[in-house]
Amino acid sequence: MRRLRLIQAALLLALLAPLAAGAQPARAAFKETVLSDPQPGFDDPRRILLQISTSDEREINNILWNAVNLQKFYGIDNVKIAVVAFGPGMVALYKDSPVRERIESLLKYGIEFLGCGNTMETTHRSPDDLIEGVDYVQAGIAEIVERQLDGWIYIKP
Amino acid sequence: MRRLRLIQAALLLALLAPLAAGAQPARAAFKETVLSDPQPGFDDPRRILLQISTSDEREINNILWNAVNLQKFYGIDNVKIAVVAFGPGMVALYKDSPVRERIESLLKYGIEFLGCGNTMETTHRSPDDLIEGVDYVQAGIAEIVERQLDGWIYIKP
Amino acid sequence: MRRLRLIQAALLLALLAPLAAGAQPARAAFKETVLSDPQPGFDDPRRILLQISTSDEREINNILWNAVNLQKFYGIDNVKIAVVAFGPGMVALYKDSPVRERIESLLKYGIEFLGCGNTMETTHRSPDDLIEGVDYVQAGIAEIVERQLDGWIYIKP
């Protein structure tokens, strides 16, 4: 009889445990991002390619935030970031850009900005229109292809 | 003369043939998606990374549809899907999300949802605001980088 | 004394040089896109996957421009381009598409267009609705996964 009562008590506890857990909903778990090998470092920095293909100022600002977050996450010496713009996204890189000051600041932090020569030609803009420090390639989209093949990680934020 | 008539008839046929073909337009061909090696399976599931970076409810719903379509295509045991949100996309993962029920349902089907700690900090939201079962990392964008390096396939739907 | 004056002159020049450069702001530098190995060619063309998942006509037109720019950059024989549409992006591929003529023209240039069977089923459209020459797969998103695994370079323009 004693043994039976013990089993009954154990069963009761087992039944009640989930209820108690349910009354106190689990907090979202923080997950540490697992760094893949080879680990990023000064000699082997992560190489990350971000794309701007929108003219929406809010979206462009969000994309630029990602560059900042990546430098914060990896440490500025352990990551190389290139932002490639093309199509409507080119508005971000001209001297009359709504985000000119942010881009000038990010350039100082070593972030690379590349414009698209094809887009400039089609829209009758000149390389002189680009913010100082911004470079350009013939075709932004081809630059994204070739860098991916070279091991850069592509993200369209 | 006989030969000339034969040539004329042949020419006429050659001229009419394309017209006949045109009258009965070709139906679009169904193409079977070719599975790459190694084939996906329980022991070696496809690992797919979807991104939510928009607050647009219609777009978010479309992204979630892709998760469902991927499970349907591969079979639920042969694919692991992680949905990483950051920036404006974080609205999808909070308890007041317009798609809360869908996400709760997808969580039950084993789809992983990860929020961005940086975005939560910037927008003064707490991990307690996240839908139960949703986890978070420090930087959503860095998680996407590291998982790509680990072999996950990245798609921004 | 003579030597001192020479040094003074040299110092003065060194001090003035940056000022002179500053007065004439640097023109944005053109950067040649570095082609990764193996070099693209007729026998080993670049394989590039573009995605249409928006119904916005302006955005769709921009995506199609990228296909043209890629052929221009690599040369038509050195690149294979597949455009995969799904979700709202499917509107681009039907006979009543706002960009039907452009797609028919791009098809003639060897660009491949693939629709999504799942989207067609959900939206009650038939393969007969597709522009002639456009094919379709069961799930556009799965096609993008498998082609990436096969070495295609994915870009969402």
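As written, the chain order gives the labels A, B and C, with residue 1 at the start of each chain.
What we mean here is this: a contact is a pair of C-beta atoms (placed from the backbone, for glycine too) under 8 Å apart; a residue touches a chain by one contact, two chains touch by 3 or more.
Keep in mind that this is a model prediction, so the values were computed, not measured.
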| item | value |
| --- | --- |
| Angle of rotation relating subunit B to subunit C [CA atoms, steps of 5 degrees] | 115 |
| Chain copies touching (subunit A, subunit B) - same or different residues, decided at half shared | different |
| Distance between the centres, which are taken as Cα means, of subunit B and subunit A, whole angstrom | 19 |
| Multi-partner residues of subunit B (each touching 2 or more other chains) | 154, 156 |
| Residue numbers on subunit B that touch subunit A, as the complex places them | 51, 53, 86-88, 114-115, 117-118, 122, 127-128, 130, 132, 134-139, 141-150, 154, 156 |
| For the subunit C and subunit A complex, residues of the former touching the latter | 25-36, 46, 48, 62, 65-66, 69-70, 72-74, 153-157 |
